[in-house]
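What follows is a set of structures for review.
In the two assemblies presented below, chain A is common to both, partnered first by chain B and then by chain C.
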Partner chain A sequence: MDQFILQILNGLDKGSAYALIALGLTLIFGTLGVVNFAHGALFMLGAFVAVTVSRLLTLSHKVVDETRTDFLGNPLQVDVPYIYDLFGQTTGDAIIDWAVPISIVVAIPVMVLIGFAMERGLIKHFYKRPHADQILVTFGLAIVIQEIVKYFYGANPIPTPAPDAFIGSFDFGVILGFDPNQIIYPYWRLVYFFFSVFIIGAVFAFLQFTTFGMVVRAGMADRETVGILGIDIDKRFTVMFGIAAAVAGLAGVMYAPINSPNYHMGMDFLVLSFVVVVVGGMGSLPGAVAAGFMLGVLESFASMSQVIDILPGINQIIIYLVAIIILLTRPRGLMGRKGVMEE
Partner chain B sequence: MLGLEKKDFRLLLIVIGLTLFAPFLLNPFPEGSEMAQFNAGYPDLMQRFVIFGIFAIGFNILFGLTGYLSFGHAAFLGAGSYGAVWMFKLLSMNVLPAIAISVVIAGLFSLLIGYISLRRSGIYFSILTLAFAQMSFALAYSVLTPITGGETGLQLALDDPRIFGAAQTASGNIPVPALFGLEMRSSYELELGSWLFTFNTGYYLAALFMVLSFYISIRIFRSPFGMMLRAIKSNQTRMSYTGLNSKPYTLAAFVISGMYAGLAGGLMASMDPLAGAERMQWTASGEVVLMTILGGAGTLIGPVLGAGMIKYFENIFSKINETILHGWFAFLPDGLENFVVAMIYPFIGKGWHLTLGLVFMMVVIFLPGGLVQGGQKIAALVRRKKPEDAKPNATEPAE
Partner chain C sequence: MSKSNFSRRGVLKTGMVASAGLALPQYLRADAHAGFTNAPGESEVILGFNVPQTGPYADEGADELRAYELAVEHLNGGGDGGMMPTFSSQALDGTGILGREVKYVTGDTQTKSDAARASARSMIEKDGAVMITGGSSSGVAVAVQALCQEAGIIFMAGLTHSNDTTGKDKRANGFRHFFNSYMSGAALAPVLEAAYGNSRKAYHLTADYNWGYTTEEAVRTSTEAMGWETVNTVLTPLTQTDFSSYIAPVLNSGADVLVLNHYGGNMVNSLTNAVQFGLREAQANGQNFEIVVPLYSRLMAKGAGANVKGIFGSTNWHWSLQDAGSQAFVRSFGTKYGFPPSQAAHTCYVQTLLYADAVTRAGSFNPCAVDEALEDFEFDGLGNGPTLYRGEDHQCFKDVLVVKGKENPDNEFDLLEIVEVTPAAQVTYPADHPQFAGGALGSCNPGA
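Right, the complex of A and B next:
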């Protein structure tokens, strides 16, 4: 039983990342009808926003510390972050410590702008072209974004720690009445899970309860009619692209402490997220989210040693296997809408 | 000639000529000169040109003709490599059985995957092939280690059985792949003045296979079967309304292109007898997509050009470093020199992928028919004809 709960918890954090990326992909697909292979790159860019913010916060200048000396007996030079000069040492330390959560504030406008630029600059011209062309051009764009990031940040993963308060693990077992140390779970992953649930909830609420969201939903169902009614649906869809980019970016920002960002992390997630979208059903937002969590949990169950003993290697292929089975038995995916992307 | 129209036969002759004289054509600069680093006429790279050419020709039969975009073709190349290395381990170091088995294995493998994946089309087909390829990669990397060698890859060993050949040479080394005693790595070097030309056995074997593959691909393009495949691309619904079942045709195209990939994999293993799981990764599949589109999907010669160009850039451009750049622009004033170098450097050397990505995007956006279409446009401009006049000669560009 404790094993069971532990695997569900383990699956949830990866599942949250899949769900967030898949949600963005589906938003873009459902609104603009574009298959965006550069979405993983947006996730990666988000993680690098976190890296950049934490680097900016620790920008420092040299100050001679008279009280201490180096091994030659000269006064020691110490690096003092500019942030100390502004806020004093204790507040400064706290700000640096909380770099990743602070990056969220930075990431939202940055990612929305990147999303706008992408949509207006490139994707716009591909609405009428075949899906194969959309895949190809966004695939090329993903390569370009990756290489630019690699040029500025190098090829090695950059550790970006979570705030100290969230380092360490949470003992779930005690709460649920098991022995201590049976079910322990890192705090940050818990934060990640709740964060993604919050974001997903926010996106759904935005679509469900605002006039803007209502128009977008109407546009997803029947773009032409909404256009005929005199609504500039293209503009709203561009906004949705920005929102989708921001969702991917936020997923990336918060993922930075879990997995040190490197320039190809986006590609690794992209393939899986596409599988998630297809399993959930192209164009279905709840489907994407549900499939994201489901596949994350399935993946972690498949990595249990008991399962691997029976079916070796199953943890490596479970997601693809599920995708293949679902695609062949339920062509529209779990919750796919009728008429979306049918041949 | 050979069942080809005059125009196609001329194209085939050009390809034969280019591959035959490649050691000369790719080494235009004298040894030791400033430009010698642009020489591509060394065996390893020439082999890669033709092997990836075969891979791309095969991919083009599927994507260029039917429009089905597979993101999993590297799996067949990987399977072919494994098959070939196993033949080296078990049977003998002769390359012919190895190449034969690699084609057969890749064919069977693609029959299985194609049969399942082709039940869907469009983006779903791409995702299915991607999923299968990633699965093969993950399995080859982990569970199938006894067959695939896992992380280290499959390598030859001194205690391999090799029933029809020596397990080890007289000097106690692992034997090298050969064609009836003709070693693949052996080369004849010709020195003409300060030029050095290398004629490599392995290259010529691979080139022979490429010319054959090219010939078969022309025949497929011009056959009624090829016409059917094109019909699938232009309007599959209409085709099924006329009472034709498109599945056997697409499956045949898929298996043929899988066998081409297997052939490429077998040749790759023959040149260098080891096989690793990373050959099956989806980025490797992405590479062949890049090659085909860059050259021109749906054209005969395009994929070969694309493969050659990408491999050339990968091997030659990526070697240019900052020092060499400074050497080139040394004639400029210092400040300007540094500026120019700083502007160019991100795009070459280690950053050549950036250039590749940009060029690829440009091609997809402005030249859906790839470099071949670009060439045709330029030719039409030069001849001061309207592009419409040149069209009938051109092969169909991609969608």
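Right, the complex of A and C next:
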């Protein structure tokens, strides 16, 4: 039972990342009809916003410490962050410690701007082109973004820790009445799960309860008619692209403490997220979210050694196996709409 | 009236033969003249540095390339000479190799076997490289080593730690200076016993590829021999990024030690996840729970940040060693680039010097002469104490470092502290040891 709960918890935080990325992918596909293979790169860029903010906060000047030596035996040059000069060491350390949450505030405008630039600068030229062209150009864009990030930040993972208050784990099992050490769960992963639920809720609320969202939903259902009514739906869809980029970016920012960001992390998630979108149903926002959590949990269960002992290799194929079964039984995915990508 | 001996057909035939000759790859022409592949001319010799310039190990590859450039500079008489003055052989004099200026070409392995073979082949066939060296993966090393054997080229392996490189996949034209999985296990076990006792229960997470298997086997065998019990071994996909579902069940599996047979990005993520799940502070079986990382790399340890603190592992070399050779290399590298070299940079630099020295002592670039000069060659002054290049499997036997993540690092490079320098004798094994079974060295191929 404890293993069962543990793997559900693990699956939920993994599923949170899948759901957030898949949500953005579906938003873009549902509004603009574009299959955006650069969406994983937006997730990665979000994580690197956290890295950049962390570096900016620790921007330092050198002070020579004559009592210590560097690796060459020269007097050690100690890095003193400028933030110490501005706020003192205690406050400065506290600000640096909270670099990742601070990055959320920075990431929203940065990612919206990147989304606008990507959509206006490149992707809008491919709206009327076949999906294959869109996939090729966005995949190429993802590689370009990756290489740019690698050029500036290197290929190695860069540690970007959570604030000290959220480092470590708590015994969830004891709360549920189990023996100690049965269900240990890291604080930050719980934060990540609730953050994802909040973002997903906010996106749904925005689409459901605002006039802007209503127009966007109408545009998703029948773009032409909305256009005939004199509404500039393209402009609204561009805004949605920016929002989708921000959602992916925020998912990346918050993911940075879970696994040290590297330039390739977007690609690691991209393929899985596409499977999530297809399983959820192309263009279906609730489908993407549900499939994200479902596949995250299934992946966790398939990684249990008891399961691998019975079905060796199942951990590597479970997501694709489930995708095949669902697409065979429900060709439009869990909540797919008729007519989407069927022309 | 004069009569010409040239017929139209004769001119055409001669032209075609001449064109075909010119179009032949350089190495075939060299064969015809010198009896071995890519025999260098009188003025220069070309070495091929095959390192990951793109992909996940690009930073490690960049450090390897820095070391190679430094080695070339020193061989050609530039800089401060690095380890050449401390190298026991003293055959190198800074005039290149056998009087020829050393030049180099580079290839990108991408840490993919097929890409690495393609770049090595290109350097051999188009650029005329007489020796190939480098790499940051055992899969690449084994693939390129086999290619070099077929082509009649010496391969001086870079960072490759799998037993198989000088075990079942060994080749007469290939040589490895870097240590291997068996040596990690043999060096780590006594240190782990002293630190954690001999009644421990270990849980292994192992990367699902060749290096992972040999490392798990080596560590398991060494730790079980001292009384540890292995409660579970789980293979993890090489592409895995989030290890939470593999880590979470560890704590209530009955184990009190987690061994992470992972390298590179896998190691950074699995160790980070293990620390997130509280394993470093946890208690199990009435003892502190412990984590072990059999193969450490400083560049990768940096990616895991503070998570490496207090965690044991092994490494081939570390910049903080105080012997004259290591100090000379760190000074030379650090002055040129502004930071200390990695273990990958060290092994690549040393391999280049060892190759140049072997050619000089043999008086020939012929791979079979180099083979003979390197086999059972004993040397010192290159950073790992007295070392033997064993003739039976072309593996170097030298001291191995057991290290631990430093609790209070002085600077960004000061991540690992040396806990013990395990003597070579303790990590030496017979050439027919079961972990190295299968395969045969064969005989050297000069490519003629």
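Following the convention adopted for this analysis, the second predicted complex is superposed on the first by the 326 of 343 C-alpha atoms of A that agree within 3 Å, B and C clash if a C-alpha of one lies under 4 Å from a C-alpha of the other, contacts with A are read in each partner's own complex, and residues count from 1 in each chain.
The rule is short, and it goes like this: contacts are C-beta pairs under 8 Å (C-beta built on N, C-alpha and C of every residue); 3 or more make two chains touch, one makes a residue touch a chain.
Note that the structure is a prediction, hence the values are computed from the model and not measured.
Once the two complexes are laid over each other on the shared chain, residue contacts for A:316 go to chain B and to chain C alike.
Within the superposed three-chain model, A:260 lies in touch with chain C and out of touch with chain B [touch as defined at top].
By the touch criterion stated above, A:35 is placed in contact with chain B alone, chain C being left untouched.
By the touch criterion defined above, A:135 reaches chain B but does not reach chain C. Of the two partner chains placed by the overlay, only chain B lies in contact with A:331; chain C stays clear of it.
In the superposition on the C-alpha atoms of chain A, the part of chain A touched by chain B in one complex and by chain C in the other spans residues 150, 316.
Per the touch definition, chain A reaches chain C in the complex via residues 2-3, 6-7, 9-11, 13-14, 68, 70-72, 76, 150, 154-159, 161, 167-169, 181-182, 184-186, 188-189, 258-260, 262, 264-265, 268-269, 299-301, 303-305, 308, 315-316. Across the interface of their complex, chain B is touched by residues 35, 122, 125, 130-133, 135-137, 139-144, 146-148, 150-151, 267, 271, 274-275, 278, 282, 312-313, 316-317, 320-321, 323-324, 327-328, 331, 341, 343 of chain A. Within the complex formed with chain A, the residues of chain B that make contact are 67, 69, 116, 119-124, 126-128, 130-132, 134-135, 138-139, 141-144, 236, 282-283, 286, 289, 293, 346, 351, 353-354, 356-358, 360-361, 364-365, 368, 399.
Those residues of chain C that touch chain A in the complex are listed here as 55-59, 232, 234-237, 239, 241-242, 244-246, 248-249, 251-253, 265, 268-269, 272-273, 276-278, 281-284, 299-300, 302-307, 319-320, 330-331, 334-335, 339-340, 410-411, 413-414.
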